[in-house]
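By letter and in written order, the chains are A, B, C, D, E and F; residue numbering begins at 1 in each of them.
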Amino acid sequence: MTSDFYQPVDAGLIPRFAGPATFMRLPLLTSAKGLDIALVGIPWDGGTTNRAGARHGPRELRNQSSLMRKVHHVSKIEPFKLANIADVGDITVNPIDLMLALKQMEDGIANILDAGALPLIGGGDHLTTLPVLRAVAKSRPVGLIHFDAHSDTNDSYFDGQRFTHGTPFRRAIEEGLLDPKRMVQIGIRGSLYSADEHDWAKEQGIRIIYMEEFTRRGPEDVMAEARAIAGDGATYVSFDIDSIDPSMAPGTGTPEIGGFLTREAQAMVRLLEGVNIVGADVVEVAPPFDVGGMTAIAGATMMFELLCVMAKRVADSR
Amino acid sequence: MTSDFYQPVDAGLIPRFAGPATFMRLPLLTSAKGLDIALVGIPWDGGTTNRAGARHGPRELRNQSSLMRKVHHVSKIEPFKLANIADVGDITVNPIDLMLALKQMEDGIANILDAGALPLIGGGDHLTTLPVLRAVAKSRPVGLIHFDAHSDTNDSYFDGQRFTHGTPFRRAIEEGLLDPKRMVQIGIRGSLYSADEHDWAKEQGIRIIYMEEFTRRGPEDVMAEARAIAGDGATYVSFDIDSIDPSMAPGTGTPEIGGFLTREAQAMVRLLEGVNIVGADVVEVAPPFDVGGMTAIAGATMMFELLCVMAKRVADSR
Amino acid sequence: MTSDFYQPVDAGLIPRFAGPATFMRLPLLTSAKGLDIALVGIPWDGGTTNRAGARHGPRELRNQSSLMRKVHHVSKIEPFKLANIADVGDITVNPIDLMLALKQMEDGIANILDAGALPLIGGGDHLTTLPVLRAVAKSRPVGLIHFDAHSDTNDSYFDGQRFTHGTPFRRAIEEGLLDPKRMVQIGIRGSLYSADEHDWAKEQGIRIIYMEEFTRRGPEDVMAEARAIAGDGATYVSFDIDSIDPSMAPGTGTPEIGGFLTREAQAMVRLLEGVNIVGADVVEVAPPFDVGGMTAIAGATMMFELLCVMAKRVADSR
Amino acid sequence: MTSDFYQPVDAGLIPRFAGPATFMRLPLLTSAKGLDIALVGIPWDGGTTNRAGARHGPRELRNQSSLMRKVHHVSKIEPFKLANIADVGDITVNPIDLMLALKQMEDGIANILDAGALPLIGGGDHLTTLPVLRAVAKSRPVGLIHFDAHSDTNDSYFDGQRFTHGTPFRRAIEEGLLDPKRMVQIGIRGSLYSADEHDWAKEQGIRIIYMEEFTRRGPEDVMAEARAIAGDGATYVSFDIDSIDPSMAPGTGTPEIGGFLTREAQAMVRLLEGVNIVGADVVEVAPPFDVGGMTAIAGATMMFELLCVMAKRVADSR
Amino acid sequence: MTSDFYQPVDAGLIPRFAGPATFMRLPLLTSAKGLDIALVGIPWDGGTTNRAGARHGPRELRNQSSLMRKVHHVSKIEPFKLANIADVGDITVNPIDLMLALKQMEDGIANILDAGALPLIGGGDHLTTLPVLRAVAKSRPVGLIHFDAHSDTNDSYFDGQRFTHGTPFRRAIEEGLLDPKRMVQIGIRGSLYSADEHDWAKEQGIRIIYMEEFTRRGPEDVMAEARAIAGDGATYVSFDIDSIDPSMAPGTGTPEIGGFLTREAQAMVRLLEGVNIVGADVVEVAPPFDVGGMTAIAGATMMFELLCVMAKRVADSR
Amino acid sequence: MTSDFYQPVDAGLIPRFAGPATFMRLPLLTSAKGLDIALVGIPWDGGTTNRAGARHGPRELRNQSSLMRKVHHVSKIEPFKLANIADVGDITVNPIDLMLALKQMEDGIANILDAGALPLIGGGDHLTTLPVLRAVAKSRPVGLIHFDAHSDTNDSYFDGQRFTHGTPFRRAIEEGLLDPKRMVQIGIRGSLYSADEHDWAKEQGIRIIYMEEFTRRGPEDVMAEARAIAGDGATYVSFDIDSIDPSMAPGTGTPEIGGFLTREAQAMVRLLEGVNIVGADVVEVAPPFDVGGMTAIAGATMMFELLCVMAKRVADSR
């Protein structure tokens, strides 16, 4: 029953700038028990190859998420009526020991899943998605709808580093966490390390929709294909903020000009309605490189967009 | 006769960075007497529900308006040849006493109108439009073409505050200042407080063109409808800078991603040519949240765009 | 017993950037019951005469207070062992209706006092100190040790506004909340509105130690006098961040160059040890005007400095 | 043979933030001897009429060019395999004596050309293009494909200054360096000094494609025309960063809202493939006005885009 | 009679952020006729050898000077009662042609002097002081009290440039504008071009008080010597904002760490009381490099400090 | 012979903003062979417990070091005449694998030492000092003069991480690299993790001079003691930029208010003249958190100050 669900502080009653910041101004819980969707932070950027800072992402995403209200103006989805949602805080992650950190993240997400909730994650660099998938896809590979400027399927960096934010999806496929036939990457662009950089991904069956193809086809056409690729099975959604143009999301580690307009990104996420989302993240928000908080605002809004389609699915599946 | 009209300092002769900043580098007068159009500031943000700062708007709009020149590159309108235009300074407004401030704003605009000039206002938060309309629409309700991310037709905030920057157009309709049948709001978007938030506005007859509809139809089609709605009658134009995407206008109190590109906003204002504009404003420019002055540049340019269509109408009506 | 006291998250175990930000990384409670000292925010700047922004103060003070640890390196005070301390959130304050806001602040502080805790406040503009004193000094006038660039004892602004951040201490004396003979203001400087601006304050018996006198005498000598003025009676401490030099605390509404070095300010607050502090605040931190968070860091550290002397006094009085 | 060509530091081996910054992380040479394309900086802004700062352009372009990799993701061009490319440092230019500076720039570019290399320049204000053309077009007039918000064909500024960043192309035509029939300017917009400001340019035969025409037609159609105008002859490409929207490239001297999206600019430059480019520049990047380095990132990426089409042409012509 | 003197807008009546910005919120006049002291801007930085930006100084100094009030809190000087003071705008200066610019500045200051007013200048880079001295010292050499990190007595830069912001005082002495025996430079520091860099200055008789000597002796002792050096004769005061520590005044062209605290600078200027000041300037405020406006606030306050001692002298000499 | 030594680009001939940035505008070499002192960067911050960013330190230190000239204005030391000095680039360090990184740093410094040069390092976080000491102190323990806000002698963080920027000196003592009896730490301050946090250090014999003691005694007295502690033996100097007040050096990972003024820091380093320095570093400059480049300017100047005393010692020992 709706009246049992947690509700955000109402900005019509208490100003947005008031109170400690939690995701969407929801209560801060210590466990995901009883929740349908758990908003959770992963303050870690140990896999970053260039500009670190995503460790500060969760805090600023929470800060700017105070701008969110209760009802989606297009879909009319009211997530906090459809599902029980709260902020479960940040997963404690070691900033120095990479392998330990990966374990902590996996365990943290597993706890949420064990409690019966779906995780919606504010990252964190993109390597965080690997341990998340280890938890989410423990029992079977999942599909992936992936918005990003980069394929993140490289094999290694720096003479053999296999765990970086440029390699998570290669590792996840190797570990059987992802079904590459049910994977689509949208917005890929930017100069490449080598001419064959994306060959491995394509050989696995991943569908790469480059930015230029997106620009030509538009959100609706592209998402129709994406939904078809993901199908009805369990699907994870990973939204790298650097898929958005760096003028709209400058606070990120590896900016590539020529990206999505925010309104294009919003349109695409709205078209995830109906997809069987088993978890999602918004990653690579790096506040030290942000200007005017605009990246965190974009990231928090994308979390709200994801939350709406997830809450709708939760309610529809009940 | 043209030669009697005030002329801006010519950037081809004196660099833009030189001299105290007035709107468009025009002379600063103490009265609107003899003017066709009075550029006036309202440095006030007492109705702001979230991030204040629009009180600093007029000064920074003046500062960046030094970038404006004399001729519109598309319409070829030369506003300073078509109409007598000057900067009449800021209205003195009390920053502490809201009700007194509303009276001061109304009186300040009434003075300009009594002098025979049309006001083009650099705000200020959006509540400033209410007292402006009290002056402009004293004798009859006017139409409204309204660019904004928000409808600003809520009834109240914070347990009963009826005068905020989220409520001006509800109040204006209640007070008979606006003819809701001749009102159109363009660019509306962002999460809502409640599912019925826009119902009142629609029941009054206001046409709301959401951002998504605008994106589908484009500036020309939307403005054809807007001009038809406003008709031939006296019409006020209110341009909330937050209608523009926050990446292009970050310095504002309530940013909502997914907004207009500046070139779309420019295209729309240019299509106001011929509308019977009796006053206009650019509001919600909040310099403390701006980055690199880009919001103030956008706001100053939108003032120039508005000035061109207003001056053309003034000359055509002479 | 110490083991019952709330303890902050340990930065040696969980990185400072992790988790939602509360004051000093302490638990966030909904009531001050059982506390000795309640850390509380007042997100309000409705009394500001120039640059608003202190409404955002509590959130950024919380954010930067994550840098605080557990033991004072000079006094060796361990506040969280000496007293039960937690974050009780922000007082809900109306941003539009000034008189209502004053009442809400007074009630909010009264609640804390009624619960048996001393308030340590993160403001908010300096007018917030007036309602705080209405609660703190309800039963008898208190002394005041006041660090500030400005005396804040003007009678009114803007043709009769009696409640602004430039008038709280005049009002408080008029209302019998402060004993002017037990008042000292330290760091006063900056150009004056009129030659007699401080005459009223001096006539009441307030001791004004101008910045220049402070520079000559140094922290120890000045604080010896301040402690003598305050005596043994109940004393409130108000720390306006603009007392610190604007190069060290630029994020404030009315900067005046030539202020305290932070180390001088710290030295003075440390010398409050033993004073009978019944409440304290750090006000006028205005994040929109801050650069690099340095004002919020300074403000959060001053809160920690105040917390140490308050906790010591609490323990010594037990 | 490829193996003799200079190669950039590989970001997959050495992080992008490591090492002194050179263009594209290429070796820094003292001469262009043996090179096909020389990346060179012109740190000078003595022709600027409004906001100076482009003198700092080369250094920041180098800094952000560390983000570039080796292969173009759309065209698959691998510039460092197709041509021998290196950074030859900055031309030494006098910041005080304008006429001497023009001579130094001309000589510096002449040296590069004499060594047999094509110059790809990181400016510098737009007046730098004049001396560059004096060297590049010494033996015959060249065509020009020119991306800019401004025509830069004014006659003079400030009572007779004939050498400013608003006049280079007038001078170049007068000096017979450019064939105006083979000139196209794309993206022109912004208010004008006078109604006839562009008449001279049009009379010479320059094709001006205003921003509004570009928006209507799109990159492919516009570039088809541009390539036809330039024809097969020697053509210079000048990319003024202010052609891009100031939200995406705020760090520039004369921002005009309503500009290119970066992806539109990229699409156009890619369509230069096959044009007989004899030199190119990216000018007007003014780091002191940049925010978050985004202008320099855009500028460096446009240099990479230009480099790809230039290297392809070099290889194809070999 | 006092009542005839121009008065600034009173911040106790009209908020500081209101109205177009003039120096100290005084009226903006087109001539210095009738004034005792003329506040004037010189928006020019053509002599800058490193980071330009001081051309924007006058506008930002005006903007921040709105923080000034009417009475000096230490000396109790009320400048606007003692002297007739107004803002006479900016001198029109050509940004491209250095020699023409020097002439324009000289003429502009001569006009002020001819009108019977003393100039108090907001610069501009330090080369502006040379043409100012040509006007001020037309009839006889003057003394100089000079606050700066740099001696600015080099002979030339860049292979023979004799007119830069590093050479004005060498030129002024050569031209007989300054009496080197009545010159003192305070705050000099920073690495040198050559070991004999200051020899020429010392040989002329200039007294250089290095920063380290100042730190040892303090403001009072140093200024006693400075006043003795200047004596009773006509004296110019030049305040280079880079004399202040770059943490307190980062917005300048050639920052040198280890400078004055603002309170030390203020103390020194206050000790100019009684000196026969015939003109003064605050130079090298470069807003594009400023952070949080703090340099402009410091510069505007130093202008107010200078204004107080100048107005006192004017009144005492009447 | 002097004429064989590398010389920096002369800012009197070529402007500071010109050319790719190297340390002090010296030549960039690939080996330290033939050098007396090698300027070297360590772009790594993998030991950071809070705000990362020091990986970008070397590049920005190089950028701002262009402000340095050739002669020290107090000591008259001319480092580039006294010693052969150049920039040897950055050590290649793996950003992901901490233990590998430590090895790479040790080897990189060993190479410099093997070439016969002393290293002067631009870091990097403070953990970098540990591998540096492993190279520098390979044959015998060295003394340490250490400027810092923090003792950095903790045992571990985050449940057992022994290698962080809070632990290097504990590790170095345990490894026999430092002689704790010849160690002094100056400027220590800020709240502590536990009351006994510094006990271990003191038990080893390290002399800790807290900030408050420094403020009381001043640079000369403190440095007399420091020189006595270090004695004549081989001594390393480590300068953590966070020893300087965060208003003067905000761009750092763990700011603590109440620090050194830059002029105090400069005075202390100058008093290192004569100390047998075998290597030195400036660490914890974190550009993403810097404002206006002021931290990097301070850091680059401190490197110059250190270079002067090192070069003097080199020449005196020749």
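Methods note: a contact is a pair of C-beta atoms (placed from the backbone, for glycine too) under 8 Å apart; a residue touches a chain by one contact, two chains touch by 3 or more.
Bear in mind the structure is a predicted one, so any value in this text is a computation, not a measurement.
Engineer: Do subunit A and subunit B face each other with the same patch, meaning over half of the contact numbers show up on both, or with different patches?
Structural biologist: Answer different: the two copies use largely distinct residue numbers here.
Engineer: Fitting on CA atoms only, what is the rotation between the copies subunit E and subunit F? Please report it in degrees, nearest 5.
Structural biologist: To bring subunit E onto subunit F, one rotates by 120 degrees.
Engineer: Could you give the separation in Å between the centres of subunit B and subunit F, each centre being the mean of its C-alpha atoms?
Structural biologist: Spacing between the chain centres: roughly 55 Å.
Engineer: Indicate the whole-number Å distance between the mean C-alpha point of subunit D and the mean C-alpha point of subunit E.
Structural biologist: Distance between chain centres: 40 Å.
Engineer: Just how far, in Å, is the C-alpha centre of subunit D from the one of subunit A?
Structural biologist: Roughly 38 Å separates the two chain centres.
Engineer: At which residue positions does subunit F touch at least two other chains?
Structural biologist: 14-15, 17, 49, 51, 55-56, 95, 157-159, 245, 247, 261, 289, 291-292
Engineer: With touch defined as at the top, which chains are paired up in contact here?
Structural biologist: Here the touching pairs of chains are A-B, A-C, A-D, A-F, B-C, B-D, B-E, C-E, C-F, D-E, D-F, E-F.
Engineer: Show which residues of subunit A lie in contact with subunit C when the two form their complex.
Structural biologist: Against subunit C, the touching part of subunit A is residues 14-15, 17-22, 28, 41, 43, 55-56, 58-59, 62-63, 87, 89-90, 92-93, 95.
Engineer: List the residues on subunit F that touch subunit C in their complex, please.
Structural biologist: Those in contact with subunit C are residues 49-51, 154, 157-159, 188-195, 197, 210-212, 215, 245-247, 250-251, 254-259, 261, 289-292.
Engineer: Residues of subunit A touching subunit B in their complex?
Structural biologist: It comes out as residues 10-17, 67-74, 76, 78, 245, 247-248, 261-263, 266-267, 291-294, 297-298, 301, 304.
Engineer: Mind listing the subunit B positions that touch subunit C in their complex?
Structural biologist: For this pair, the touching residues of subunit B are 45-49, 51-53, 55-56, 94-98, 157-159, 161, 163-164, 288-289.
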